[in-house]
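Input: one structure, supplied below.
Every chain is named by a letter (A, B, C and D) in the order it is written, and numbering of its residues begins at 1.
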Amino acid sequence: MRRSGFNGILHTNFITNERGTSMEKLIEKSEYLHYINDNDTLLVGGFGLSGTPLTLIDELADSSKKGLTIVSNNLGEAGKGLGKLLLSKNIKKAKGSYFTSNRDAVKAWSDGELEIELIPQGTLAEAVRCGGAGIGGFYTKTAVGTKLAEGKDVKVIDGETYILEKAIKGDVSLIKAMKADTLGNLIYDHTGRNFNAVMATAGKIVIAEVDEIVEAGSFSPQEVETPHVYVDYIVMNKYVKKGGKYVEHS
Amino acid sequence: MRRSGFNGILHTNFITNERGTSMEKLIEKSEYLHYINDNDTLLVGGFGLSGTPLTLIDELADSSKKGLTIVSNNLGEAGKGLGKLLLSKNIKKAKGSYFTSNRDAVKAWSDGELEIELIPQGTLAEAVRCGGAGIGGFYTKTAVGTKLAEGKDVKVIDGETYILEKAIKGDVSLIKAMKADTLGNLIYDHTGRNFNAVMATAGKIVIAEVDEIVEAGSFSPQEVETPHVYVDYIVMNKYVKKGGKYVEHS
Amino acid sequence: MSIADRIKISKRIAEELNEGQVVNLGVGIPTLIPDYLGNKQLYMQSENGLLGMGPTPVDEEINMDLISASKQPITMEAGASLFDSSNSFAMIRGGHIDVAVLGVLQVDQTGEIANWAVPGETILGVGGAMDLVAGAKKIIIATMQTAKDGKAKLVKKLTLPSSGVRKADMVVTEHAVFTFDEGHMRLVEIISDVSIEQLIELTDAEFTYSEETITSN
Amino acid sequence: MSIADRIKISKRIAEELNEGQVVNLGVGIPTLIPDYLGNKQLYMQSENGLLGMGPTPVDEEINMDLISASKQPITMEAGASLFDSSNSFAMIRGGHIDVAVLGVLQVDQTGEIANWAVPGETILGVGGAMDLVAGAKKIIIATMQTAKDGKAKLVKKLTLPSSGVRKADMVVTEHAVFTFDEGHMRLVEIISDVSIEQLIELTDAEFTYSEETITSN
């Protein structure tokens, strides 16, 4: 069910993609920016550059959106993926598990231009899952007794010590799947599933970038990895995979 | 990796099933009882009689095990599935969401012969998932303000009221899958997946009853629903499905 | 309760459901709703692990491992998806079900629901009732105006155990349609030949209404 | 750190791994271990969502969406399974990984690990380190005896931030193998031509040993 969030008029009904598949949720790549406001929290799928919505990120980098909080495992690499948003100055804050590998992120943080909240990778995944599952928080073993547990509630349950981690939700989720069917069911490419499956559940509006759209019924019910209920809009990937990497459409 | 829990000698290595598939985790149906002690907590998959390990239950009903706590959505139906364990007096306590449909359970409870702990269905599923995931407990919206919340910690997180539910773990999990591969990866039959997938994660020892064993590599990595790491032993289902229902092997 | 009344309630609720919505239907009256949806494409969620539940299968296609939450054999529509119980309730509790249609024992005039436990009788089942009450985006109650003993089911204050603090959005009975607005119950439509005075008689809950509402029928 | 030392450490840890175990290998030295397993069948878990990681693919089969946690292209073995990040860490945190082999910045004489943050430098990455420390059934540390600046990495007390209260089970360096027993560090094997006196010199942590251990090499 399409969610509200933008009251303008969009010609989104039954857009037909290049393969002739008609689909209600399909929108042009530039359109999705209507759903993003300054200072929003965006949940972005991907692990490094794998399973990353490159097209959506490009649009965002070209936009004037500002003050965004990005929740994602990484900020891509320097100048690539979410790394582009650092250069384009759209981001105020990043929440994730590993930013060291992007020198631009390290520099922006050092220069006081980027706030960073470091979250263990498993805690991040679970917190986002909880955000999508109506769970307010959870007690985890991870990070007990470390700097990352400072200020967090501690509780002993059945003799084991846990810290409380709050659920994470977003205004908009930007995810990347390999294929969508015409209802919006998604399947991912191998380990490209990573954070995308949980990010899909925890945004008020969920935009999925996909390589291909197929007819509903093409996926077996067992193989659907993200049911269509979680997906509001679909944007076609402008890149194509060649030699295992996404390159510009030629 | 096979877990400890039984120190006797079992001839379990590379038993060959009737189809000639050899598999280290395969044991005879009677053998699994060695892993169950009196007063154990058993996590049992299934929803009504769907996805229920009927063969494992039969063995248990024929055993002298007693004082068991059964964690399962239901206690089967009168005289069927887990319902058999009521007649055979193996059970001390049942934790689950819906027992009303088994008149034997209602009677045993009325007669003071069965303790019952009622848990909302979604809370049960999530609590068992947490038990398998190293999470001590979670704050849920479900049951806030009801009798089932009495005595439970209440917490307001971001303006919403939640109650704390503790994780559920078991000594042994008894689950039912459609197929195993020779490593112990499992796939389920449609909605027969239900609680089986989470029960598989939260028992110290996990016994899976299956209809069929296939060679490792027969399942695509995407279609594995329970990775083999969760499965310790496999028992062949003695029933066969005919007309959509399990009947005695003829 | 007559089958005609059950059908009337189902039809009226079917009108409330919109193209493309994801809906969870409780046991009893709600299970009749799919028959009255006309051309509207809805997606039925079953809490034992399926989105895209289709109609009852022919006998040869019955599989006890493809069932609804009411444990009845079902089919799957094109675009259906299967998942485990924890993910099914993540979907429910997380607010991803557009509408849950539920039966009740009582609903009070603020919209608070009692649909799981009768005191004095054995309270041994709750199922997914509380999860659906807590999580669905919209809750529509399908109920007869009175219980078998003639007592009003729409009450001032629940005398039966609550199913949660989350309130219903709408109640449809064989006589009328009510909505809730900031804790107040409002009659929006009469759908039988009952008079407003008779309806008030059959209803313990206090509700407001406008003359237009009554005369519209 | 010489490649010979790295290989020696990898080989020695490979000896500790048993047929059928599920293993998560951290970055650095641990990634060399698969080359030294001989005929042992192990199952490699990668925390970005795969159990059953195989060797590096040939160029034509590289897919950026089939990578390890170190973001290197990988393959899948027969019987592999794919899952999302939340389920991957449920597997890790829930105690379903038999052995995690981790690099460290420091480990103290009780087995407490520091492997994520250097004070004074930017602390901007933790990854899955703390989840693995908290959750794996057995933790084996692969590390050089000393840091580049010559300082001991096996210390009395951590001076770098801890990765969690859960202790390591074993440490393998280019010189020796240590285990931890109720908070005490114990030398179990010397695997270089270092003398016990030299080893003590290279180690800030206090450890016990028996004469047999030393003479066995």
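As a convention for this text, a residue touches a chain if its C-beta (ideal position, glycine included) is under 8 Å from a C-beta of that chain, and two chains touch if they have at least 3 such contacts.
As the structure is a prediction and not an experimental result, all values here were calculated from the model.
Contacts with chain A and chain C are shared by B. Across B-D and A-D, the chain pair carrying more C-beta contacts is A-D. Averaged C-alpha coordinates put the centre of chain B at 34 Å from the centre of chain D. Chain B and chain C have centres, each the mean of its CA atoms, that are 31 Å apart.
Multi-chain contact residues of chain D, defined as those touching 2 or more other chains: 50, 76, 82-83, 89-90, 92-93, 134-135.
With touch defined as above, residues shared between interfaces to two or more other chains in chain A number as follows: 126, 129, 133-135, 140-142, 190, 221-222, 225.
Annotation, chain-chain contacts: A-B, A-C, A-D, B-C, B-D (touch as defined at the top). Those residues of chain B that touch chain A in the shared complex are 126, 130, 133-142, 155, 157-158, 160, 162, 166-167, 187, 190, 221-223, 225. The touching residues of chain C, counted against chain B in their complex, run 46-50, 59, 61-67, 71, 73, 76, 82-86, 88-90, 92-93, 117, 122-131, 134-135, 161-166. Chain contact summary for the complex, chain D toward chain B: residues 18, 20-22, 43, 45, 50-52, 76, 78-83, 89-98, 134-135.
Those residues of chain A whose C-beta lies close enough to touch chain D in the complex are 47-51, 73, 97-101, 105-106, 109-110, 116, 118-126, 128-129, 140-148, 161, 178, 188-198, 225, 241, 243-246.
By the touch criterion given at the top, residues 1-2, 24, 129, 131-135, 181-183, 185, 201-202, 215-217, 219, 221-222, 224, 227-230 of chain B touch chain D in their complex.
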